[in-house]
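Two complexes come next, and they have one chain in common, subunit A, joined by subunit B in the first and subunit C in the second.
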Partner chain A sequence: MAFLKKSTIWIAYLLALLVLPQFFNSILAISIYNQMAIAIVFALSYNMLLGQGGMLSFGHAVYFGLGGFLAVHTLIMIEFETVYFSIIFIPLVGGVIGLLAAIFIGSFSTHKAGTVFAMISLGIGELIAASSLIFVSFFGGEAGVSGDRTFGPPLFGVEFLQDVEIYYLAAGWVFIATVFMYLFTQTPAGRMANAVRDNPERAEFIGYSARRVRFISFCAAGFFAGIAGGLFALNYEFITEENLNAATSGRVLLMAYIGGLGYFIGPIVGAVILTLMNSLLSNYSELWMLYLGILFLLTVMFLPRGFAGFIMMHQVAWIRGKLHTLFIPYLLTGIPALILILSCVALLEMSHIEEEVLHYLGLELNPATLLTWVITIVIASASLFAIRLTLPRLRAAWEAANAIPDSEDG
Partner chain B sequence: MAILSLKDVRKNFGKTEIIRGVNLDIERGEKHAIIGPNGAGKSTLFHLISGLYGVTHGTIQFKEHLIQNRTPYEISRLGLARSFQVTNIFPRMNVFENVRCALFWPHGYRYSFWHLLGRQTELNERTLQVLEQIGLQDKMHFPAGELAYAQQRALELGIAIASGAEVIMLDEPVAGMSHSEAENAVQLIRGITEGKTLIMVEHDMSIVFDVADRISVLVYGEIIACDKPENIRANPQVQEAYLGEVAVNA
Partner chain C sequence: MLDVFIFATLNGLVTGLLLFMLASGLTLIFSMMGVLNFAHASFYMLGAYFAYSISLYFGFWTGLIFAPLIVGVLGAFVERYGLRRVHQAGHVAELVFTFGLAFLIEEAVQFFWGPGTKNYQQPELLDFPLFTLFGQEFPAYRGFMIGISITIFIGLYYLLTRSRIGIIIQAAITHPKTVANLGHNVPLIFMGVFGVGTALAGVAGVIAGPVLTTFPGMAVVLGSIVFVIVVIGGLGSLAGAFIASLLIGLLQSYAIASDVGVPDLLNLLGLEFARDHPLTDLWTMTLPQIAPILPFLLLVLVLIFRPTGLLGKREQ
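Coming up: the complex of A and B.
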């Protein structure tokens, strides 16, 4: 029964990956899917450290980037026929490099968790990013290195000229990587990672060296980050210092956190949300980084368990068959909340814009006139008021839906 | 030969000597209680034996190994399990996982990342058995951190006994439990340590006299008496140092 349920989820996941390009198949859509695929593997690998192992890393992009660089160099070697194999194995090259780097760095950084670990990861990140600008022959300086994925032997006639072909290749790797990262959580080493996260001292009294347990998770995380780096190399055919620096490390932290550290699917959710924001929002607004920051803040403050946690909060109501009672209250609070967000965005955009009018949601707003500002602020205040008015009802409905019925007590 | 043997063990914190030359031999299969006033150093002695602290001086021999400078995990692997006076569990993991983790090493899984836990029938059955023994089987899906205090104490005990170690050390296992809970716990401890070596710190004298074959009295870091319960009860030195409490509790 449980097995059936689990395999259904996995089959659904695989199908979703496979049919995605059938719905939206523009060049933009495919490129977003590819970014998502890379981000999912990267974010899941990050959560092996933070969510499952309690290791806050500010330098996880190192393993992603090193994997990616070696992958591009391998593409170049394939091009010059130094080596001969299909490019479908390129992500594995990235993975092995990520693993080797993690074995080396983890051998001293996993001694302690907490602040010490975080600081070492930050230091290593800076160090590698700096040396990438020094060792130009390998890292290619600021321009990075580039290769060409089409020189490898074709696979059943596929030469990987098109992005959609890369998408299917990436989807395959994403699926395999997800399965293995999930299976890792179901092994003694994976479980002990949780135990060491919770209470490293006690773990030592049941026979485990906390350091060794961390080291194993760290290596696994490096391996899968390297796979993500290899996918990146295949997709973009070039890689630069930017892909292993602190900004990239920060982004993967955001993905995992916003998605929800406490749930296996959390980082997947976070990777999807952030990739969408990154690629769609950035087309519409120069302020998207600001919105990302605000989203992160709001998540930390109001959804400490991330979006996945928010979804899982409804499990009890779902089991009790009361989920529908929440629908109207959610709508009543959700609509003013949406209006509030939109009007705040309008205010931000108006303060930022340099043109005469702001084209916003089909409206033409004129930031030069006071009236526009007054109206927007009034709308924002009114929706805030509406939220406060409807919130008690939502809260009551929530409590009713989650209340323990009289018949069962426990 | 004694299974555990302490020779002139001393421990300083800074300049203060907390353990001042403890000599103690514990025989295989013995039920040994350590009693003494608050701050006498009972927990510190446990920490020294189990490897949390290194000794300042002296040797600790466990079976044929000298363990005074070994890490807690090395000592644990040799077959010595312990519980803590202050509850020390894995709060975010559920109760089942808490107990199962304590079984990994004794069952030989080491750092395996190739065994899927769902398939380890023997391991999982043994986990359920322990949960039943500590009376937490219906709480097994709860995060350990959300249990009531007495249940956390039961879990603390469960983690210590799960491994089936030869020597089990329990630091005030029933402190803070209600009378009936304590009675259950004592029954459990008795059953579980059948044929094993038990070292227990306990303030409740009725339990101590009930369970122990031998009692050591630790006062200010020194063992002032180590004898059978009836002799301890009659020992004038012990009465002087400790009897007030004995009389109240017994």
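Coming up: the complex of A and C.
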């Protein structure tokens, strides 16, 4: 039964991946899906380090980028017929390169977790990003290198001219990579990674080398990051130094953290949220990076287990069948909270805008008049007041729903 | 040759002292709370930007006094309402928090001051050559930078080792519980140290802004190097941070001023390689070219061969 239940989730996941382009099939939507596919694999591989292995890395983009660069170079080789195989295997090329880089770097960096590991990863990330600007013939300098994915042998007549064809290819790889990364968590190596994260000393006492356990996770993470890099190369057909520098490493940290580190599904959630923010919000606002920063800090402070953790918090209430009692308190606090967020966004946008009027939620706000500001601030303060008023009720409902029924062992 | 060497030394000294002004605050904060503050260089950037805005109305000298104060208050505020809250979730969460803060401050700076470079100028009072050597001028402002850094360090040294508050701080670093039992408010001390540390970074920003240009990327440029210094010197060691700061400052300065590279080495050995080889970048590499990566190379080497840093304590 348990097996059946688990495989249902996976089949649903595969179906969702396959059906997605049928609902929204504009060029923009397909390009967003492709970005999501890349981000999901990348964020999941990052979670193998931080979430499962307890290794905070500030240089995970190195494996993504190196895999991507080699993938583009392989595309060029296919173009000049130095090698000849279908481009569906390009992500594997990226993965192998990511793995090789991780074996080399992991051989000396996994000695310690914590701050030392974080600092080594930062140093190596900066080192490789800076060297990529020096070794121009391989990394292409600031312009990067570009290839063409259409020269390989067609697969059943598909030549990968269109993005949607790349989407199905990427979806296949995302599914395979997700399955394998999930299976990894079930292996002894994956279980030991959790043990070493929580208490390395104890793991050593029962006979496991903490360093070797970290090394295995590290290599696996490098491999899957390389696959993500290969997918990136296939989708965009070019790659630059930007894809292996600290900004990309930071972005994957944000994705995994906002999604929720402790849960396997967390990074997938984070990758979807951040890709949507990146591609949709950036059309509407120049300030989206500021919002992203605020969202990230708020997540770290108030939802340390991310969005997935927030959803999983309701498990107890769900099992007790009391989830419905939370619905109205959530609504009462949630609506003012939404209004507060929207009015704060309006204030930020109004102080930033250069045009005469701000088109916002169907309204036309005029930043030049004082009245607009006063009204927005009044709305914001009123909703803040409403939140403070309704919060005790939410808290009480939460405690009632999670309260342990009368028993001694609780 | 000698003139190049002397000027490279002086410039390296300026950079090194500036780096130490950041590294000292970072080290103090680390030894107290055990957290590496990723946003430290962001406070340095805020110092430069506040000083720029103040200098537009009240001149450079007012900025020199008030910008660090504002930055210090902001830093204390961050410690009280941000870090202290995250502290319960462990060191990784703290590191991630400061990382997010650095990200947010960079965006906030772009929000308030715009993405462009600011025309933050050094004061006219110091706009003259301090001395001329071998026909090259050494600007007085750089001399002023050296002077102010050294003054602050001497002051800080006496504050930490000779004053009552300094002794309490030192005790709070090693024995926070005992100090709390003696009736001192340890969280308040932490907040104060965090504030002073960030204010020091603010001073560095105020005086470095006119020389290193004031732009939203200035924190990223210096931030990772300051990290390198703190780690190379040994986490928590002020003396180590001082040595590492000067080492990195001088190393980079010499590398940039030098005019040698792999081609010279190959000439010396009488070797020659084809120009169109795939590894041609390796044969044509020069020392000024690789100057930016030297600190990181040093970091990786130190962490591999001496993970505790130059003067770091041995781990338990």
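By definition in this document, the second predicted complex is superposed on the first by the 406 of 410 C-alpha atoms of A that agree within 3 Å, B and C clash if a C-alpha of one lies under 4 Å from a C-alpha of the other, contacts with A are read in each partner's own complex, and residues count from 1 in each chain.
Methods note: contacts are C-beta pairs under 8 Å (C-beta built on N, C-alpha and C of every residue); 3 or more make two chains touch, one makes a residue touch a chain.
Being a predicted model, the structure only gives us computed values, none of them experimental.
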item	value
Subunit B versus subunit C as contact partner of A:184, first or second or both or neither	first
Touching partner for A:120 - first (subunit B), second (subunit C), both, neither	second
Which superposed partner A:192 touches (first subunit B, second subunit C, both, neither)	first
Touching partner for A:202 - first (subunit B), second (subunit C), both, neither	first
Contacts of A:63 with subunit B and subunit C, given as first, second, both or neither	neither
Partner chain(s) touched by A:173 [first = subunit B, second = subunit C, both, neither]	neither
Partner chain(s) touched by A:213 [first = subunit B, second = subunit C, both, neither]	first
Subunit A residues touched - subunit C or subunit B, whichever exceeds	C
Subunit B/subunit C common contact set on subunit A	none
Residue ranges of subunit C in contact with subunit A within the complex	36, 82, 85-86, 89, 91-93, 95-97, 99-101, 103-104, 106-108, 110-111, 220, 224, 227-228, 231, 235, 278-282, 285, 289-290, 292-293, 296-297, 299-300, 303-304, 307
Contact footprint of subunit C on subunit A as seen in their complex	50, 54, 56, 58, 108-109, 111-112, 114-116, 118-120, 122-124, 126-127, 130-131, 134-138, 246, 250, 253-254, 257, 287, 289-290, 292-294, 296-297, 300-301, 304, 348, 352
Of all residues in subunit A, those that touch subunit B in their complex	183-184, 186-192, 194-195, 197-199, 201-209, 212-213, 216, 220, 262
Partner subunit A, residues of subunit B touching it in the complex	50-52, 71-73, 76-77, 81-82, 84, 88-93, 97, 100-102, 104-106, 109-118, 159, 163
